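Take this structure, written in structure tokens, and hold onto it; I'll ask about it next.
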């Protein structure tokens, strides 16, 4: 994974998704070199860059043009812009123009989670995956409810990671905020 | 418990111990109205105040006179100074002057954990408790090793609490750093 | 707190609520000797017994008569049955017959969370508290949504506790399942 | 990652290391196709198999021949035995016979952690990694102390994962036991 500190950040844009969560999302997505990935709510570009390193093509979508600028800066910094389409649009409109995707990554939905999943499910290739990550209590509950309707195979994990800071007097553990990661396979 | 926000704090002094940890320490200590409590490394005074509300007498000990000043300010703010002896000394010297204690609370040991526990164990009344809280990885391991020598009944818990911030768009969970609480009964 | 192992249990009845969670619920409820407490979904009686030790009067309510029998057995074992009314009824019907309560404890709602909170809120004395504990993802989200409508002061915590087993070769940490505790004050 | 349920297990042999921990270890190790990996205390073979899928060569070492038999069964089940040398020996003796390794994975040390790390460090190629995973409180503290002597760049994370079980009445979260993962680079 790209170290957290190797991303250009902005105080107004969330992210990057922490290294360990990016690692787990890559594992859960089973992304491979032929995959088309759609990353909704790309923010700083943390997951976009990791998918770009592993997939065929990534659509990075955000309503916030500052987020897209930041994602692009990070892609350029790591020489990964070649595989990524930057899409400045709301998720639903953007999804409608894309066919045949393998991984739908939803890191932020702007309140349209149900329509995004419905549209994404239609476009998802067989065996494709929808992944939802959230720091909120509400989003996982809503996502599970929607994904159940499509009779997808759903996995829910909550990840609480703390990191040690090694000082002279000992190792202090600092917690990252817990993240819920939902993975559903078509 | 006294809400975290009701303590006077200082950026140079650790604490107060978060409300939920104070709550658990009070439960584990089984403190009651006749108890003599020694609180080593009192810092902001979080645990000192809670013990003062429930015990007969509390010795608040710290090597740092600024910590003792802050503890005293917090005691006065909550009208609890009557039951507390403020002791500006290293823990071991202070303990040697105290007899017959029921609860030895160790929140910071300044590297003298073994001698503090040895001396505290000698002074501890039958059925008395030694409690060690730590944000470090090393201190719990050291404490367990020492307490095993005294054939005390040892309980170890690690507590990871996250708190919700309720916003318009949902409830974000923020993690407190994990704390290990060790309780040993004589 | 009463140690977990001191409860009579049944494989068909959930609980008892683990010691540390009972401790935190007691702290969050700020239960005192004059309080009337209603405990909905009492199960094994873990929280019922702790409230009985601290409050004036407790109504233990469950739809499952086996749960009430088990709660009663545990109350008798700890000589606490004097303060507790065992109510075999659904929560909503039971609540309608009770006036002026100080603490509404909801450990299980049988799907009627909204009506239970609405009825409980009406009966709650000023300054009274509604507490919801849950092992589910869905219940906290639903509870927050309902409690927001009453403009109550809401606190949400998620508690993850692991306990050490001290063996010859070292201390293994075993996790309890995470519990969400919601506290709302009228 | 290989799903947890796709490993042959034995009640006497620990493991397999859970999927999410295997995922994080693979990320932290930055294993690549030219790497020589030594897996000490291979147990069920969880990490051995994942390294075998990604590295050039893996030495799976265990003092317990039943563990090695089980690892071999799992390697065969997943057609990965070609890249793995099964070594029935204590870790230290086994390490002495191996030159030029890139990743030293220590999942169990049988009390010889210091000598294993010392010998491993000598054999480790520049940029190589030592990874220690543990369910104990003591092992991470000991590992940090040893690794500091070699002036390695040390990272410590503690991972607490809970998994949802989706039922009719909601999603119950079940905790895996917390694991500490230490990564040190030469």
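Note that the chains are named A, B, C and D in the order they appear, and that numbering of residues resets to 1 at the start of each chain.
The rule is simple: a contact is a pair of C-beta atoms (placed from the backbone, for glycine too) under 8 Å apart; a residue touches a chain by one contact, two chains touch by 3 or more.
Everything numeric in this text was worked out from a predicted model, so none of it was measured.
Among the remaining chains, those touching chain A as well as chain D are B, C. Among the remaining chains, the Cα-based centre furthest from that of chain D is the centre of C. At the interface between chain A and chain B, two copies of one sequence, more than half of the residue numbers in use are shared by both copies. Looking at which of B-C and B-D shares more C-beta pairs in contact, the answer is the pair B-C. We define each chain's centre as the mean of its Cα atoms; on that basis chain B and chain D are separated by 37 Å. With each centre defined as the average position of its C-alpha atoms, the distance from chain A to chain B rounds to 42 Å. Averaging C-alpha coordinates per chain places the centre of chain B 28 Å away from that of chain C.
For chain B, residues touching at least two other chains, in rising order: 137-138, 140-141, 144, 156, 158, 160, 162, 164, 171, 173, 178.
Of all residues in chain A, those touching chain B in their complex are 111, 135-139, 160, 162, 164, 169-178. Per the touch definition, chain B reaches chain D in the complex via residues 137-138, 140-141, 144, 156, 158, 160, 178, 180. If you check the complex, the residues on chain D that touch chain A are 1, 19-20, 23-24, 26-27, 140-141, 144, 148, 154-164, 166, 171, 173.
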